[in-house]
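Before I ask anything, here is the structure I am working with.
We just call them A, B and C in the order they show up, numbering each chain from 1.
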Amino acid sequence: MEERPASTLSALEYDPAPESAAVARLRERYGLFIGGAFVEAADGATFETLNPATEEPLARVAQAGEADVAVAVAAARRAYDKVWGKTTGAQRSKYLFRIARLIQERSRELAVLESLDNGKPIRESRDLDVPLAAAYFFYYAGWADKLEHAGFGPDPRPLGVAGQIIPWNFPLLMAAWKLAPALAAGNTCVLKPAETTPLSALVLAEILQQAELPDGVVNVVTGDGSTGAALVASPVDKIAFTGSTEVGKVIQRRLAGRTTRLTLELGGKGANIVFDDAPIDEVVEGIVDGIFFNQGHVCCAGSRLLVQESAAEEVLHRLRRRVDQLRVGDPLDKNTDVGAINSAAQLEKIRELTAWGEREGATRYTSPCALPERGYWFAPTVFTDVAQTHRIAREEVFGPVLSVLTFRTPEEAVAKANNTTYGLACGVWSEKGSRTLWVAERLRAGVVWANTYNRFDPASPFGGVRESGFGREGGRHGLEAYLDV
Amino acid sequence: MSPAPLRLVVDDERAVRPRPGASVPVVESEAQLRSLLRGLAGVDAVGAEARAAKLATRSLKRETKRAAIDLALSMVDLTTLEGADTPGRVASLCAKARRPDPEEPDTPAVAAVCVYPDLVATARAHLAGSDVRVASVATAFPSGRASRAVKLLDVADAVAAGADEVDMVIDRGAFLSGRLGEVFDEVVAVREACGPAHLKVILEVGELVTYDNVRRASWLAMLAGADFIKTSTGKVAVNATLPTTLVMLEAARDFAESTGRLVGVKAAGGIRTTKEALRYLVVVNETAGSAWLDPALFRFGASSLVNDLLLQRRKQRSGAYARPDRISVD
Amino acid sequence: MSERLDVRKTYKLLVGGAFPRSESGRSYEVLDAKGRFLANAAQASRKDVRDAVVAARSAQRAWWSLTPYNRGQVLYRLAEMAEARAGELAEQVGRAEGTRAAEARAAVGRSIDRLVWYAGWCDKVAQVLGGQNPVAGPYFNFSVPVPSGVVGVLADQASSLEAFVDAVAAPLATGNAVVALASEARPIPAALIGEMSATSDLVPGALNVLTGRTGEVAPVLASHEDVDGLDLAGVDDGFAGELAALASETVTRVLRGADPQDRGLKRLRAFVETSTVWHTIGQ
């Protein structure tokens, strides 16, 4: 009898499959991008951006002060008056197509850079952030010479100079969401990336140079909240902000009484509603996608699971098994499912709210996954026995933390889902089309995903109702934010 | 020689654990069967395909890759199912099955050689003394369009000739027209005719078309006593796909949890490259769990796959890409 | 023979389909364009605003749950009612604004035509502002305009009827409920529209008409957390800034400066939210 080698594995414990950090072509210093050139801040101020997975510094970046913001806004105004305002739609269109192509060409570099600076898994930056960023430029490129057909009247005009403030959760993608429609509509831009994730926007600025976009049409001012405040205070025609509801309200108040247009894409506390006839395996994936995608740093995250009582046990059993499987760790490892929390401050906030969850009597389940010693990490966590009154059911955690509540009837599901001041996104899971539509019609949310969650597309309008903000990004609707209509 | 017993492996934290009091329900009527199958949760095709596509992005490196290639090799049912098959062809296939790469003696043997019933005896003879099992298709493979009596004779013939495993096809026509009891009874009858041989039930997923059908047919076969559920005959346009196999693995996992019985899954047809095979193993690993990472519970029905696995195995060991001519053509 | 003494009307608020005097019991004198006494109008208080918003919130669900066709019929009915009482409206517009009879009649005509225009929009706006979105994946994806909810309207101070009708009919056409504060000095035409709405099958509370002091009522409306949208037509720039700042506390949508004769969709777009639904497509 031949010897048969032992060939079975107890489990496939994947060896590390890291993407090379060198691909990011990191530099030691990054300047502001103003008037088509990279410059230091007027006062020479800089700040450090860290790799949240290691807490090691990645680079020093110029900190724009009021003077720099003023210069950037003036450059954008000049570019609007002298160049971009006179550039035909067809020309603008071709610039945007160029940018889209350049993003594709440098996609691997951008993906690695994004994962380094943000902490998100390379699988997501590679398969979602970067390709979608290119897709938004492609989509709006096509609109630039067709604005008169966009449904806003025969001769829609741009607003002028747009100040755009973006968050740290999807740094490059949010830059694309802001810049592409603004440029297509004929505006010039001053973009302010988040303090903890400035790098990909600066590489995007390099791409704009490579595309030979006229100087000053897009300016990038990096810095902290004070830079954003300076931009809001400056003579721009439009502010587009994506970030927390708290800051959004401040911006809306500061702009009160001014003619500056405003769109806001703010926080959320999305309900993911699961009926007992739902496709259960896909439900489990949808719950996981809904809350653990991008470490839960997603404004539209499905952070409240509303599950029909008759299915709760089954769903939770499967969910827990699935949560245990999530691979948490090195963002550059191609097999990582959940990466690093973006910053120490965010980690602290997540810890505080989850501590409240326990204090208020919810039952906590945390994945037993091993966490790296250095860096900012938070293991995927599910709270059951959550009541509507609990802080973890009402406040945005913005982390990999799910609150589970139950309901008995569709009416109750809708009532609980809507029992929030937010209104960004919800999920509905059922095999029954009529019920799904009944629920979707009643949910107060800008986006409803049925039998799926966290899908994004340049053709699909995205944005909130109520305290999740106003205005839409994406689709024909997204143009309205940058047209004088 | 009796076939090696199927191992029930529950040795991992993430392994499936049967629920307390789990047992296989006794199916007493077609109505009961129908309501049981209709009570299964539906499959959202987009979600299932997205899940499979996401798992396909897993990257196996170094040791994991080496181990996975060997595991995949040990799971292959090396198959020849052509009208032109001859004893000579089967003999050379058996030689390959025992020692797939004679220059690399630690290469694992494949799981089984799969042939038509009339060549079972030949295969049996050439595999004597090895652990490689003999599998035979039966029940008027691949169409299944014959009377019950003929199908059962086909099975009996294969088993009598020494088949360790029988791959039957279900009556897709009966399934699609809702005659579920008929399909069920036939699997039960074939299971009986198999005697000690293991029964693999081919669903022919390419003809069932929807994932809901695949899930229901999987449960039907498992309830009727299948030891394995198998995707395809390899003879129709659509054979094994990653999402279909995912759905079948979910069914096997859920069945094990609710009945305590572990049923194997075989992906057959169209899997030609190491890259694809490793994707299947990832899906096995992350869907049914580690217990199924065993030839007793997961198989590939393939022929050309073996050669690519052998080439990649050499590449992993030497670091250099191997010349295809180093590997025997079959 | 003595001349017949006319019966004068007390102009009241419209809240939740009922016509209360202000819960505060206060009223204020309304004068015509030449400064002669016209009537005593109810002077709405904070609590009247509160009651109106509660009524509007509850009515909004019912109003929006009607079919768009039905909403269009109701607004058309309102136009019919206005047409039947066009003489009365013209008289009050003339007195309030000091315009000649022909001019006032023309303004009434334009107002009624505007109502008809909006009535026709009810079952078209979703097609014009919404539609299917061609996403790159196996999803059916469509966007529909849904109402913001409760809209506060601080009506134009000068154009007592025409601007008022435009400002309330647009959000009603898109399914919102409205709490409108009439022109402070010229409230009677707006109050008449309120009366007519009560006989137009409009869901009680979908339109609430308050009269009173803008400076007193507007901040209450702007800061009310359950108001989703705010039209600042009737206040000056400085006050508009203050009110917009109050509105920012709950991210209330603010509209400033829409032309009542504009044939564009600005007003219709002002208080709708685009709701986008994705559904998987598969066998």
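Just so we're on the same page, contacts are C-beta pairs under 8 Å (C-beta built on N, C-alpha and C of every residue); 3 or more make two chains touch, one makes a residue touch a chain.
Values in this document were obtained by computation on a predicted structure and should not be read as measured data.
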Pair of chains joined by more contacts [C-beta pairs], B-C or A-C: A-C
Identity of the chain that, by mean CA position, is farthest from chain A: B
Rounded Å distance, chain A centre to chain B centre (Cα mean): 43
Between chain A and chain C, centroid-to-centroid distance (C-alpha), Å: 37
Computed distance of Cα centres, chain C from chain B, in Å: 69
For chain A, residues that touch 2 or more chains besides their own: 451-452
Chain B residues counted as touching two or more neighbouring chains: 44, 46-47
Two or more partner chains touched - positions in chain C: 137, 139, 280
Chain C partner contacts - residues on chain B that touch it in the complex: 44-47, 49, 209-211
Chain A contact footprint on chain C (complex, rising order): 128-129, 131, 133-137, 139, 141, 143, 146, 148-149, 228, 237-238, 240-245, 247-251, 253-254, 264, 266, 269, 273-280
Touching residues on chain C, where the partner in the complex is chain B: 137-139, 280-283
Chain C-touching residues of chain A, taken from the complex the two chains share: 135, 151, 153, 245, 248-250, 252-253, 255-258, 264, 266, 421, 436, 440, 443, 445-452, 455, 457, 459-463, 465-470, 472, 475-477, 480, 485
Residue numbers on chain A that touch chain B, as the complex places them: 1-2, 4-5, 7-17, 123, 127, 277-282, 285-286, 321, 324-325, 334-335, 431, 451-452
